[in-house]
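Both complexes shown next keep chain A, but they swap its partner, so chain B is in the first and chain C is in the second.
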Partner chain A sequence: MRRWQLALAGSGFVLSLLVPLVVHSDYQLQVLFRIYLFAALGLAWNLVGGYAGQLSLGHAAYFGAGAYGLALFTRAGMPLWAALVMLVGLAMLFALLIGGVSFRLRGPYFALATIAFAEVLHAAAKNLPRVTGGDVGVPVPALFHTHANRSFYLCAVLLTAATTAATFLISRSRFGYYLMAIREDQETALSVGVNAARTKLHALLVSAAFTALGGALYGSLFLFIVPDQVLSIDISNEIAIVAMLGGAGTLAGPMVGAAVLESASEIFKTIFQEAHLLIYGLLLIVVVLFLPEGIMGGVEAIVRRRK
Partner chain B sequence: MKRVAARLLMLALPAAVILASCKGGGGQSNTFKIGVVSSFTGPQAAFGQAHKNGYTLALADLNAKGGVLGKPIELVYYDDQGRPDQAVQGVAKLVDQDHVPVILGAYTSENTRAMIPAVTQREVPLLIPTSVADNLMQTGSPWVFRVCQGSGNYAHAILDFLKHNGDPKTIAIIYENTNFGQSNDTAMREAAQQAGLTVVDEEAYQASSPDYKALLARVKAKNPDAIYFGSYLLDASTLMRQSAEVGLDPRYYTAAGTGFSAAEFPTKDKGAGAYAEYTISVSQWLPTAKWKGSKEFDEAFLKLTGTHPAYHAMEAYVTLAIAVAAIEKAGGANPVAIRDALRALWLPETPFGPIRFDEHGQNDHATLVTQIQDGQYKVVWPPDAAEAKPIVPTPPWNKRQK
Partner chain C sequence: MNLLEIEHVTKRFGGLLATNDVTFSIREGEIGFIVGPNGAGKTTLFNLISGVFHPDSGTIRFQGRDISRIRPNQAAELGIGRTFQVVKPLRNLTVLENVMLGAFLRTRSGTKAAEESRGVLRYLQMEKIADSPASGLPLPMLKRLEIARALATRPRLILLDEVMSGLSTAEALALAETLKKLPEWGISAVGGVEHVMQVVMSIADRVVVLDHGTVIAEGTAKEVVHEPRVIEAYLGSKYKELGL
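Let's look at the complex of A and B:
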């Protein structure tokens, strides 16, 4: 990364932190919160889905572990910091189980296995009312009591910054090159001594940890969660789509994807009323048809052609 | 280069959201805005549309009478797509952006439950037209008012009907596995045990499932006298068709309203058609209800949509009327004043019957029991409201005329 790029990223971060000085509306902050939250989730997904090229469609498992972890660990009487540590641990435990089994599979079979695991957790949460409250739901403690929306927004910005930094460091490290080598050609990577299974698992562990923190933030903003909200396949899809639309395997891609997708969804809903999903679908089709590498992939290709 | 473009997009798009939303919220408006959250798209869209039709008719009636406080009423709709997180986002948008002093909604119990902390935090009254889960009224929030009856009353009404019409001894409960279904399951299990019935089976299912034959075969093996469904519309239709396929013949098919009392349910193209015949369900309102204005609403609805309304549309209609009455009484757009006006509200004459909220915010509404006879919902219980005699026990599938 060149110096001016670092400066740009840094100033973007500082500017983002200053946004609440200008934007006071809770609703606008909530939309911006969603954008940064999904940017962070997309970046976390990107480690596994983008850099390592393993299409995970089950990230709702870690997201839900975060949201439910916060609700259940605090209900059990744990202080907040301990609950946060525990929910990250819980998500990493799930990652260990899911990754340990699923990474033996490749391509579409891996994707199917991740969906299956997330759905198992979804069904378990629905059908264990004594533990999770079932579909009647469970209250989540408020992380912030005053200026809630502003605080949640800032937390989402910090989470995005943290995942960006982690992604940047990983993409420049030996670990990151291993991941990309596995994506490009797993056999070659194996033949030069990369332990593919372990490398992919490590990426998933990092990814799950960040995703769980995102889930905890999301659950606490809504104060109340049900399984269909935080463990559904919709969440898994949204996380994957954000990263792929923006450009999987690039640093800026998930951020761009989240900004486009989440703001488009809100704008379309206001303008087009019931037709909003139709327009939203059209947007996705256009991107897939004309920018198969995602928005940042397309931008990169144009830059390359110019040079 | 890549990053420049990325950063620009990152800044430009949220800016566009803010601009787009400012246009809607800014400036002094000449209308009185009321917020509505419902499921206009997604699996519950049929009910969201029923809501919208009810609100549309109420809006036309109320604006024809001069609106509220001298201003025409404007409804600001937010589509929750059947998702709880979107319903909560809707509360944020309607309150912070459109500055509505009262919100009506949502449709599903699950979405409504998710909205309650959000309205409580923002201190805006929520009027619930249709969601029946019992846990909605157990949060202790002083901002929640429910127009319809809850699932506890549903179970009692059905059991009361059964006791006086053959007195079955066993019952099986089949319910969709979200807040609405689970709440009805719990309510029926507890009420049935109290009434001395044996609950021989409880089966939960996912409403999006295309096939319930295995579940229905399990119920058939238990041979219950009566079945009680907690279902939405698509699942209700499929369940009845497949009950005929597996030859499930209880003496009573009963249900907790909703899908089993939707206007579409007895129709051939959008519901179960002839398979819906003889099913018994609770209902909150019917076009033939004795309350003044019911008939006029039915006619207006028929003119608007070409079909007769079910109670969901009426609940939306009356909920808007209640909100407007409370705003008139409060004399302005102050949410606290509107809440206090709702608490003290007494509307003796509405097409949905008398309206008065108890100290928990629950409207004391009568529950009717209906049966589908010749493709029409007929009130069969309680006796003072009945317009037809119930046909019990249900004829077995192989004895029915095709």
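Let's look at the complex of A and C:
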């Protein structure tokens, strides 16, 4: 990272923290919360889906583990900090199980396996009313009682900053090199001694931990969660699409993707109501056809051609 | 002392006998070449030695240790480096960063890996392009990049699959000159080639000729080319005319 990029990231972070001084509307803060939340989720997904090139379409499993974890561990009487530790642990346990099995598969089979695991958890949450409240749902404790929208927004900014910093450090380390090597060609990676299975699993563990924190934040904002909201395939897709739209495997990609996708869907929702899904679909088709490497991938290609 | 021992190794893919009862060995500090036409079983043999495939029968020993059942990443850890027939550099990374991927096997530190990699690039006369992007390099440089990445893992033995293919004779000879120095670094090599016998003759301590998965001749380059079966089965009468 060059100095100007570091300066840009730093000033972006400071400016993001100052936003609540200017923006007071609860609605606008909630939209901004959503943008930063999905930026963080996209960044977390990017470690596995972007850098390591393993298309996970089941990140709802970790997101749901975070949201349900916060609800269930606090209901069991745990203090908040312990519940946060436990929900991260729960998501990492899921990652261990899902990764341990799915990483033996490649390409579309891997993607299908991740969907299947998330759907199993989705069905389990629906059908275990005594534990999860079933379809009726379960209350989630409020993380903040005063200035809730402002506080949630700031938390989402912090989570984005943390995932960005983690991604940056990883991308410059041996671990990051190994992930990219696995994405480009697993045989070559193995030939230089990379334990591909273990490396992918480590990436998934980090990814799951951040995703769970995002899920907890999301659940707590709504105060009440049902399986269809936090464990559905829609969440998995949205996380993956944010990263792919912005540019998988790039540092800025998921942030750009979250800003574009979340603001577009918010605008279209007010104009077209349910038809916003149609626009959403069109947006995806345009990106897949004209920007296969996402917005940042396209920008990079243009910069490279100019040189 | 033998560094690599292949003993009666057989590998089948369905009805195809890819390697059939192959036996040969490579001593420490030796440069060996496996010669054979496309489909003779060279790549299969390299994949068996580097743990990509496991033999159906027979044993592969490296430094006296049975490695018939190891995984490819364990082979690299033990000191077996390899290149691939189809070159696959990491796009968007520089030449140096590609080589660092190999150097990371022996160090966690990026600084040390870069230092080590620059040394390897110097050896392969690539230091001038260290910071250029790997995409867009001409084929001879890509072939060298493959070798550099494998050497950066500090192997005792390096397997060079079709390392000369696509190179002109002059380029192949230049590469051979470089490879000749490997034993000075304590590195043995096994190359695989289809033809370019001129190159093989100039650097090979030992030549193994494969045909349809079977070893049809083994010995020094001189011995092998005078073997009637080799001339007949593979090199043909045209080679005789060259007077070697």
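Criterion: the second predicted complex is superposed on the first by the 305 of 307 C-alpha atoms of A that agree within 3 Å, B and C clash if a C-alpha of one lies under 4 Å from a C-alpha of the other, contacts with A are read in each partner's own complex, and residues count from 1 in each chain.
We adopt the following convention: a residue touches a chain if its C-beta (ideal position, glycine included) is under 8 Å from a C-beta of that chain, and two chains touch if they have at least 3 such contacts.
What you see is a predicted model; the values in this text were computed from it and never measured.
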Going by the contact rule set out at the top, does A:Arg172 touch chain B (first), chain C (second), both, or neither? second
Chain A residues in contact: does chain B have more, or chain C? B
Chain B versus chain C as contact partner of A:Met86, first or second or both or neither: neither
Look at A:Lys269 in the shared chain and tell me whether it touches chain B only, chain C only, both, or neither; answer first, second, both or neither. first
Quick one: is A:Ala196 in contact with chain B, with chain C, with both, or with neither? Answer first, second, both or neither. second
Looking at A:Ala181 after the superposition, I want to know if it touches chain B, chain C, both of them or none. Which is it: first, second, both, neither? second
Once the two structures are superposed, pull the chain A residues common to the chain B and chain C interfaces. none
Contacts from chain C onto chain A in the complex sit at residues 50, 52, 71-73, 76-77, 81-82, 84, 88, 90-91, 93, 97, 100-102, 104-105, 108, 110, 113, 149-150, 152-153
Over in the complex, which chain A residues touch chain B? Could you list them? 5, 8-9, 12, 15, 23, 25-28, 30-32, 34-35, 126-127, 129, 134-137, 139, 148-149, 218, 222-224, 226, 228-229, 234, 250-252, 255-256, 259-260, 263-264, 266-267, 269-271, 273-274, 276-277, 295-296, 299-300, 303
Give every residue of chain B touching chain A within the complex, in rising order. 1-7, 9-11, 13-14, 16-18, 20-21, 24-25, 40-41, 77-79, 81, 83-85, 88-89, 92-93, 95-97, 110, 113-114, 116-118, 121-122, 133, 135, 177-179, 181-183, 204
Residue numbers on chain A that touch chain C, as the complex places them: 172-174, 177-178, 180-181, 184-185, 187-196
